[in-house]
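Both complexes shown next keep chain A, but they swap its partner, so chain B is in the first and chain C is in the second.
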Partner chain A sequence: MYNKIFDRKVDDIGLQTGIDRLTPEKIEKTVNEVFSGETGAKLKVYHDTCVRCGLCASACHYYVSHDNDPSYSPAGKVTQTISILLDKKGKVGPDFIYQCAQIAYTECNLCRRCVHYCPLGIDTGYMMSVVRRICHKLGVTPQYLQDTAHSHSATMNQMWVKDDEWTDSLLWQEEEARDEFPDMRIPLDKDGADVYYSVIGPEPKFRTHLIYQAGAILHEAGVNWTMPSMPGWDNSDMAMYSGDFEMMGRLKRIHFESAQKLHSKKIVMGECGHAFRSVYDQGNRWLGWKDYPVEVVHSIEFFAHLLKTGKIKMAEKFPGPVTIHDPCNVIRGRGLMNELRYVVSEICESYIEMQPNAEHNFCCAAGGGVINCGPPFKNVRMDGNRAKADQLRAAAEQGVKTVIAPCHNCHGGLEDIIEHYELGLDLKFLGDIIYANMVKTKAVEE
Partner chain B sequence: MQNTNGWNWEPGRRKETFSDCEQGSEWLEEWHVSPDGEKVACVACTAPAEFAMCVNGKLGETVYEKIICPRFDQDGKLAAYVSQDMEWFVYVDGETWEEGYGFAWDLKSAGGHVATAVQQDMRYGMAVDGKLWDNLFENGNNFCLSPDGSRTAAAVQVEPMGQAEIYKFQDGVFSLAVDGEAIGDLVMNVYNPTFSPDSKSVACEVRTSLYEYSIAVDGKKWGTSYNGVWAPAFNPVSGAVVAPVRIGGKWGLAENNNIIWQPKYTQLWKQRFTAQGDIWAVCSPSYGEFTLVKNDAPWSVSAAVVYDVAVSPDGQRAAAVARGHDRRYKVMIDNKFWPGSFEMIWRPVFSADSANCAARVDMGSKQTIMVNGKAFGEEFDQCFEPAFSPDSSKVLIKARNGKEYIRIVADVSEFK
Partner chain C sequence: MYNSIYDVVTGPLAWFGWAVFILGSLYRMASLYSEAKKKDVSSLAYVKASYGFNSIMHWITPFATLGWKSNPAMTVATFAFHICLLAVPVFLGAHIDLWYQWFGVSWVALPDTVADTMTVLVILAAAFFAYRRIAVKEVAFLTTWKDWMTLIIAVAPFLTGFLAYHQILNYQFMIVLHVITGVAWLVFIPFGRLSHAILGWYSRVYIGSEFQGVRHCNDW
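Up next is the complex of A and B:
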């Protein structure tokens, strides 16, 4: 009965092999262990309070993009997953766990837009996280997401970057940068620096130019900064999204302790969203820290500071109009919408707001670990985010040619959306524009 | 405990400018000061893509393509990594090891030995004083050197693995390697190997499934799995292995797989033994509050964050860096705080008689040294780690003001 409407199963080795190993007894035991030991009153209140008013539905890009199919609504996803686990007290079969996993891992980005639309303040994202936690403890996780979690556990970064490869990448970028800035350094293990700069795994692996750009900006601004030569440099956290909270805690511990070891006054994080949530909201708290143990600043805030204090000046502004994509975890999660607009207004000639925007913005559909679920679920993201394509197309029709998105996952998701829906837009990080157009007093003349 | 015998403890101060290197360099990097304060070293860029080590103002004769991660060890040896002709070498006090590597990192030293993690031909292992492990591995991390500097250990990947082979990984491709030999079962993960005080045994964290963690000693796992463990430590008196373990969402302490501190802490880590066998650790008795705990008895004061623990030589006192809920740093000691809060504090240091404690503090733009909660009456651009004389009566202050290096031997009574 419970999976009657679930007609969109996607084949995934991780999910299938996972459920092949399950027994009803193991499912029941695990589900009830999580409910009794980890969720407490919070889950029960959220679940029991929902009156199925449906106001959350139009908040979800999956619902909107699937022509208002109620099975994609936040409340609908709850009723297809955790409601049944609660009602049946875990007495469900392996096929149902597959359904739960697919919905929670690939049809919800944990973007929490729905929370803004719930008159009762129910956090459906939290409930989907509980489903993921149960699936993790049952060993039913999408293959590629699990692979990134394994990478985290073995290397303390999400891209299987080995210890030597990390430092080698930094030295390579430093060497490249010295053609432009002859005395530029990426200071390694500098004790007592004002800023510890951390990035996510894909930067040394695929997007090394972002490290170059960050180095150039920090150098030009005269910031006293450092990067670590040892693990802890990766602030990202796919274990948080796979439901492996123990590994999430281990990752955040090494990240913060890396900065503590170097006595850095603050961590400045690159342009990533989910990692920000992991360090200031979830990983730190799992470890018992109410606050973060080292000051944490997102790039948006940091760039705003550099521009406000005149440490970075723009030689020319990027030709507009551009539009702004507000990443869920730093906007809804952290409230940096005004700082983001300040930075964009300082570095671009003009911008046109995407509609809806700021805390009401639609997610990129890549966050929440969904893009890390890999190729099997790419179409889930494409079909599930027609809403984003419509937003982008509307901006393009007003003359926008460039989208600014200060988040790695958003870049991955938006690149796919732009290509899939043939929108013909360029995508930029803030750092791309600042680096390219700032006054470079310390560079050699061309 | 730093051995400060034989250092110059003549009261007074010495100022030096070490300007020679500057004249022959495009830039100088950060200063590093030897424990006894007699040597000041930094990396000098002498020309594009040319670097030399500068010690007390004198440029080294050899020029390298790169020099990274210089530091003085507790014995006062200056070590760094240097690159030449696409190979990396270990530099120790002006000499480089004969053998070069594809890459080298994570310098360690103990007992007069220097060790490093090494990648050679995309295989991973360790080298001690220039001697490489006989076996290298697919990957390696969590490198460890024994207290006497004679033995090494690391987490190593024994089996190759293809892209996204999640079940092969879960079956176990990692192991503990000791002196280059993989020991024990293949597991998902190995973390934080640590040697016994006599360097004969090694314990580590192991992760045997997605959800099961335990401790392995010399390759043999404890019989119980936990849903979390942190780094183990050896009791120097009994030889027992003690590790924090997570049970039912709370942390306790297990010794040889028997619970000795009940799991009641929100957090418990960084346990360490005194010479007498007492256990100090950092704990969180309630969510968001951290403090120090001795033998399962937490202090009554707490802070938002506590780390960088120092235990006095007699084992009776402890001090740590605490970050308050106001995000300012304080010294937590003897179940209270020193007066004042700071932008940053470095690990406190005890005197040999355990009576005095010193710490380097940062006020924002200036730094100074505090002893027993009282500041030295002078501030500097930068301070380095303080040290006490063997009789505990004097404090060595090493500092920088601009380009001037200052070495001061002050009496404890001068801190007011």
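Up next is the complex of A and C:
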């Protein structure tokens, strides 16, 4: 009744050259290797018990944003990809693998909102990551995403930052900061520090001011902290999203080991969602750690702690009202919604909630590595997240001028949405506001 | 002739149905559990009874979850369907005799008019599901012959039971058909989509544990 032939193919050189190298035999062998060697009862139960009721459809921003097009519904994506791989036992052609890759890498953010809609507790995000895993093993990955994964394996960071460039960026930011805070240091490789501060690759590459800001906040709060001079500093993980789990494991191991070598008490992560997921949810499990070997604290929790204990005081509150974007990976992924609201209420005059919010929030459509699939798929994100634009517009109509999004990916994603839908909103990290408006007892008098 | 056919379907055939249902269900549950222990350790490690219990309690309460709230018509139909679907076979007066005959146990029966109304509810809910499979595009997109088969197997004993009880069409033929479809109902529970009756608890308990325990957030 409905046309299931893929009619929205996006050209991507990574996917195309990937499938050009495939043969039906190779596909069949690889698919079955994953099914027999890597997946188990979890996939079977999810797949067998789905009663095809369609209740999950309205969970997904892609479905909602495409005027309820069923091919974007969570179960719809399953029936167009892994169901067929399972039913046909991998006997499919290269074009079908292109379709699987496009759906799994770019039309699902692995945000797990659909879990809140499924009576049987089926996790479509998990099934989409299995599809990604298969595509990765077949060498069919979007070019831009693969580039970040290559960078991870060559440099242990996401952005091809060389070792000397890393320390240079830190020293540069320290030097800049000293004009404002004469005693401030970014202490490298300090042994036994209370806080090991880790960031994602894009910070030293494009957003160095975030390192400055974090340094200023940690300095002002009098925290005993450090950053590593050697690889391990990047907590991000695009390999997790490309399906390269071996690499994901190496990344998490070096991250934790670098903190362990410095005998750090805990790791504090910058405002990033996916990196946090990789640390507490996926990377640790791949390595066989039930929890993490060194405690990891997300910036939201850390800021909440600094504000609660009075280590940071606000000189003035940011003029409101603002609204809060709940990043899936730290909210639906880690339940930090109350901490986030606490921090926002401490640093801003007032906030207005978007609807739905907290653990029911719509994803930004950048997550799950989708924004990292680069320019070819930008419109997939724009057209696929009108739902978010509508939410933001509703907030703007109530007088909101600023959106707070404590996640790097969300920032990228929301920035594009705000521009594309001409919403005229401003975006901020928590750290932006805290740094700008905190009491600076250690700064030079102006 | 009728009597001997009736004896066969309620005797050996029924026993066959029970055997497949019980052994098949045990086999599927046990084999999946042992497979999970071997291959899904990194998921199984987080399973905790109290989280699973919370999750189940929320999802068996109408309108207690985001999913149910977002789909009111489906919520009403799903609950009516499943409650009646379980209650009627167990508590129907005419079945109480069979329970005694098969297992030597007995309990109070539902008044026939109540059971009859509940049967109609099952049929109406099934008609609603069928309507969705055809007319609601996100459901139509997912629907294959397997889903139709599932629906037909699930509702057939109720339809035939209803027709037999009201003596519409040939009673004797209907009652035999009723028992046969009832046996089919049992036989298919361990397999295919109907297995959600026994396996849905696994995914529910797991995702409940995963959300509440690891993600510190509700799964409803």
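Just so we're on the same page, the second predicted complex is superposed on the first by the 441 of 446 C-alpha atoms of A that agree within 3 Å, B and C clash if a C-alpha of one lies under 4 Å from a C-alpha of the other, contacts with A are read in each partner's own complex, and residues count from 1 in each chain.
The rule is short, and it goes like this: a contact is a pair of C-beta atoms (placed from the backbone, for glycine too) under 8 Å apart; a residue touches a chain by one contact, two chains touch by 3 or more.
Because the structure is a prediction, the values reported are computed rather than measured.
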Side-by-side fit of chain B and chain C on chain A, or clash: fit
Which superposed partner A:290 touches (first chain B, second chain C, both, neither): both
Chain B versus chain C as contact partner of A:45, first or second or both or neither: second
Which superposed partner A:280 touches (first chain B, second chain C, both, neither): second
First, second, both or neither for A:75, with chain B first and chain C second: second
Chain B versus chain C as contact partner of A:178, first or second or both or neither: first
First, second, both or neither for A:310, with chain B first and chain C second: neither
Contacts of A:120 with chain B and chain C, given as first, second, both or neither: second
Inter-centroid angle chain B-chain A-chain C after superposition on A [Cα, multiple of 10°]: 120
First, second, both or neither for A:57, with chain B first and chain C second: second
Contacts of A:375 with chain B and chain C, given as first, second, both or neither: neither
Minimum distance between Cα atoms of chain B and chain C in the superposition (Å): 7
Residues of chain A at both interfaces, chain B in one complex, chain C in the other: 38, 288, 290
Partner chain B, residues of chain A touching it in the complex: 13-14, 17, 37-38, 136-137, 139, 143-144, 146-147, 150, 153-156, 162-164, 167-168, 171, 175, 178, 182-183, 185, 187-192, 229-231, 244, 246, 249-250, 257, 260, 263, 265, 287-291, 293, 295, 374
Of all residues in chain A, those that touch chain C in their complex: 1-2, 4, 38-42, 44-46, 48-59, 63, 68, 70-71, 73, 75-76, 79, 115-123, 280-281, 285-286, 288, 290, 331-337, 356, 359-360
Interface residues, chain B side, partner chain A - complex: 26-27, 29-30, 45, 48-49, 66, 68-69, 102-106, 117, 119, 124, 139-141, 157, 163-164, 166-167, 169-170, 174, 188-189, 191, 207, 210-211, 213, 227-228, 246, 248-249, 266-267, 284, 287-288, 290, 304-305, 307-308, 323, 325, 327, 343-344, 346, 362, 382
Chain A-touching residues of chain C, taken from the complex the two chains share: 32-33, 35-36, 38-40, 42-43, 45-46, 55, 59, 65-68, 70-71, 74, 78, 132, 136-144, 147, 150, 192-193, 195-196, 199-200, 202-208, 210-211, 214-220
